[in-house]
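Here subunit A shows up in two complexes: once beside subunit B, once beside subunit C.
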Partner chain A sequence: MRVRRVWYAVRGRAYPRTVGAAREPSWIFYDLALPILGVLAFVFVYRALGAPPQFTGYVIMGGATVAFWMNVMWNMAAQFYWEKHQGNLELYMMVPCGLVPILLGMAAGGMLATTVRAAVVVAVGVLLFQAPLAVSSWPLFALIFALGLVALYGLGMFFSSLFLLWGREAWHLVSLLQEPVYLASGFYFPVRALGMWVGMVASLIPITLALDGLRQVMFPAFHRGLLPLAWEVAGLALLAVLFPVLALRMLRFMERLARQEGRLSFRW
Partner chain B sequence: MPPAIETEDLVRTFRLRRSRQHPSGGPVVALDGVSLEVPRGELFGLLGPNGAGKTTLIKILVTLLLPTSGRAAVEGLDVRTQAQRVRERISMVSGGEHSGYGLLTVREQLWMFSQFYGIPSGEALARIDRLLQVVGLYQERHRKVQQLSTGMRQKMNLVRGLLSDPRVFFLDEPTVGLDVGAARDIRAYIRTWLADRPDRTILLTTHYMSEAEELCDRVAIIHRGKIVACDTPARLKQAASGGSYFLLDTERLDGADFLRRLPGVARVDSVERDGQTELRLRLAEDGAIAGVVAELTRHGRRILRLQKIEPTLEDAFITLVGQRLEEADQEVIGE
Partner chain C sequence: MLARALRTARVGFWLGWQVQSNWTDPFLFFVYSIARPLGGTLILVFMFYVVAGGRRGPMLDFFVVGAALWPVVVWAMQGLAWGLLEDREHFKTIAYIYTAPVPFWAYLVGRGLASAVVALPATVLTLTVGTAVLRVPLILSPDRLPALAAAFLLGIAGLVAVGMTIVGALFLISGEAWRLPDAVGQGLYLLCGAVFPLTVLPGWLQPLTRLFPVTYWLEAMRRILLPAGAVHSIPGLGDRAVPGALLLATGLWVLVAGLAYAAGLARARQKGILDASTGY
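So, the complex of A and B:
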């Protein structure tokens, strides 16, 4: 009964993320055209420098990852802030299923919609630039991708409560985190190029390890990873547990504070 | 069987941050020892100006806010310690609500909310269609929410609130900002819903005297966080009937202070309208009207209409609070 209730709530909240959001044609521009433009610029730079064709593959994967990071930042981390201003958050806090399934629904809907968009970016990139993408191990690829998604959306869930507490600053935080992560996580180049310690710090963002791990699986002979693949998978697994747990704790804290201080109800 | 709603010496204070508007910061008392008991099956109204504490009280009852002290229960369940069980029994709709997502259709949006209450899809869609028909929104069911008018949107919100068939339904100024027709439809449906389900309870906050008078079995007048009176609209009006009430239209007056000084005149409210002045007079007895008429004549003002009226809920409010609802609102804005 309890599981069924949670499932209903998850699918209910995922619906606007999948079916609803597809009705807004602007996603073609923001989620497809913009990442492809970014990819285009880097591909031409690498080609001008005479870099090996694998670099084109790096860039296409980075472009696809942009869609996930944008989704996590704008549609997860900042989402409760928007929900508060629309009046949804109060209603969500009052429903018997609680906020957790609603947050999970947001994440599930975001993952599904963004995976489709990222796949389109990869397909368009491969067709346009004839990039040599080949997966050496599909199970390993699927494992890294799944762990990366869970860890990344766990981080987004954690940020959603945190940003809500910081109020208006959330907007600036989202902007602040966007571009530096493109750099620090090695969206368009191997993260190892930044040095081991920078790479390790950047690995707190799950995208860093996920992207590097996926590149190791796709270019096994060419790509020198930040860490051995097994370590990267273990690190991702750790983050995939850590961030959802932190997110749940933060959510409980936020709920308690909201009821104590009336922060969600009154804009004083 | 416990009452639908019960509060005991409920207090809620907020700590304001220091700002330009509130240079001293410090605590603000939003509710100051509110004790209420609403039996099941009642449509209970909370009437008061802006900032009186109506919304704070509702937010405590719907588990969005914790009381600073005192106790509040819904159907015997403590809102502080049994919030989860309270949530299974309640629903709330607020006026001017813009909840949901504009890209969804009306039917999709309502379905989404039904999922948060664990209603299976088939049953939810049947309920949604039935309720949309009742509120006259069925034809708009495939329209995007962002394309709805304010009145349609509020009807949809009402359906959202009723989807879970709540045992206690909270309505926070549900007709605020609506045109006359939409407000009338919503009031009519609220009454019908309760008549069909005599074991359900509605707590309605409102700013509109006529709404409270038309809908509510009992009304509590709340002012500055305190309940100043709680009774049926008829009894509240009786309490205000210590005197005679007259409506008097006269040629434009520059001020009505000279009337307030007359013997037997308890209160004078004046409104300028189309170059005339409408006076609403509360007198100690009928005979005092003669003095008013004579004074107006002495000031060279013709009497255009004179009518003895029954006291209204607004008169009761004035008697109890000492000012009109609009004046109390202005006072809050001024603060």
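So, the complex of A and C:
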């Protein structure tokens, strides 16, 4: 019975992210055009510098990754902020399935929809610029991609718990985590350029290791990774366990605190 | 009329500043206001050094000045649009503000200017770090200051005009309206030579780049701040022609903004959607 309730909740919350999105087609413009515009700008930066074509590939992969990061930050982490404003959060708290299945539904829908968007960004980038993207090992590519997604959406769930207690403060935090994260995780250049120790600290953000690992798989002769590929996969596997577990604990803790302090329905 | 508009803009500025900044203490707000722009600049700096192998060059100067000024573009232009959207969707106060005996456009201009001020610390800090650490040869001699001030103010006027044009469209847009200012910002980042010379763009895109005051503003600021021989975004345009082009583009956009604002507002009132919250 409980499993069925959880499944219904996951499916119900994933629905607006996938099927329901078709009702508001303007997302096609915003979710596809915006990352592509960003990609184009950085490709032209490398062209102005006379960089080798592999750098164009770096930018295209970075642009596709931006779609995931934005989805996790705005549509996972900050989602509870919007839900508070619309009065849905209290309803979520009252339904007999808990918050976690709702977040899992958001994650499942978000992963699916964002993977499609990221694939379009990559396809457009490759077609426009003939970027030399070639996967040397599809199983490794799939493994890094899957581990990266689990760790990343786990991080999103972790951040979402902050919104149970805070409003504007947490919103501004999420807003802050854009360019600094693009920098630290090496979205548009090899993260190794930041230095080994900065790169290691940045590896706490799952995208850092995922992006660097994927680049090692896609440009084996050109890309100098932060760590050997096997270590990066192991690190990602660790983060893929760590963040969901931390998120569950944090959600429980913040929910209790928010109920105690009566801040669950605070809108600002 | 003018005095009322100025007073309204001042109050809009004060309110905008409060909305932007009173969620935290001044130090944290300062960190917040510089972190994103500084992150954006450092991305470009690392992209440059990865390709150049650690050597500096004139493109680095181009990057630093463009990246330092870009937050002003984003905040000033988007500040107006966010002001409208926050009042309509978030605080749900637009009906009360609109029905008050004040010019609504002046209130929005005030909101936009408050946002532009938020961007200034990042601009100043980026230029300072660029000069001190990256050895960008900025020229801040007294004889250039009047030109710098005039170009800067003209640029702000152009940005406010672009922002007001977006507001005209937002009166009529629901659903994903929050993302339109971002989309325009991204488009301008690509088309206005923010971080690369416009000569790199394909030929068919180049005429489009000449339509926006931001293009001429960034070019004018670079020509004032950087020494002769620096990389130009529009090499075909002489030093004396750039301010003229900036003035002309700004004037045209002020006209466009006035028309877009009036048309959008009139249509929204006809349709009864001026204060319609769309559930973002």
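FYI, the second predicted complex is superposed on the first by the 257 of 268 C-alpha atoms of A that agree within 3 Å, B and C clash if a C-alpha of one lies under 4 Å from a C-alpha of the other, contacts with A are read in each partner's own complex, and residues count from 1 in each chain.
Basically, a contact is a pair of C-beta atoms (placed from the backbone, for glycine too) under 8 Å apart; a residue touches a chain by one contact, two chains touch by 3 or more.
Since we're looking at a predicted model, the values are computed, not measured.
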Superposition on subunit A - do subunit B and subunit C clash or fit: fit
First (subunit B), second (subunit C), both or neither touched by A:Leu183: second
Which of subunit B and subunit C A:Gln86 touches, first, second, both or neither: both
Which superposed partner A:His172 touches (first subunit B, second subunit C, both, neither): second
Touched partner set for A:Ala51, first subunit B, second subunit C, both or neither: second
Contacts of A:Glu24 with subunit B and subunit C, given as first, second, both or neither: both
Minimum C-alpha spacing, chains overlaid - subunit B and subunit C, in Å: 6
Residues of subunit A that lie at the interface with subunit B and also at the interface with subunit C: 24, 86
Complex contact set, residues of subunit C against subunit A: 23-24, 32, 35-40, 42-44, 46-52, 59, 63, 90, 175-176, 179, 182-183, 186-187, 189-190, 194-197, 200-201, 279-280
For the subunit B and subunit A complex, residues of the former touching the latter: 14-17, 55-56, 59, 62-66, 84, 87-88, 90-92, 94, 97-101, 103-104, 108, 111-120, 144
Of all residues in subunit A, those that touch subunit B in their complex: 4-5, 8-9, 11-13, 15-16, 19-21, 23-24, 86-88, 90-98, 101-102, 258-262, 264-266, 268
Partner subunit C, residues of subunit A touching it in the complex: 24, 26-27, 29-30, 33-34, 37-38, 40-42, 44-51, 55, 82, 85-86, 168-169, 172, 175-176, 178-183, 187-190, 193-194
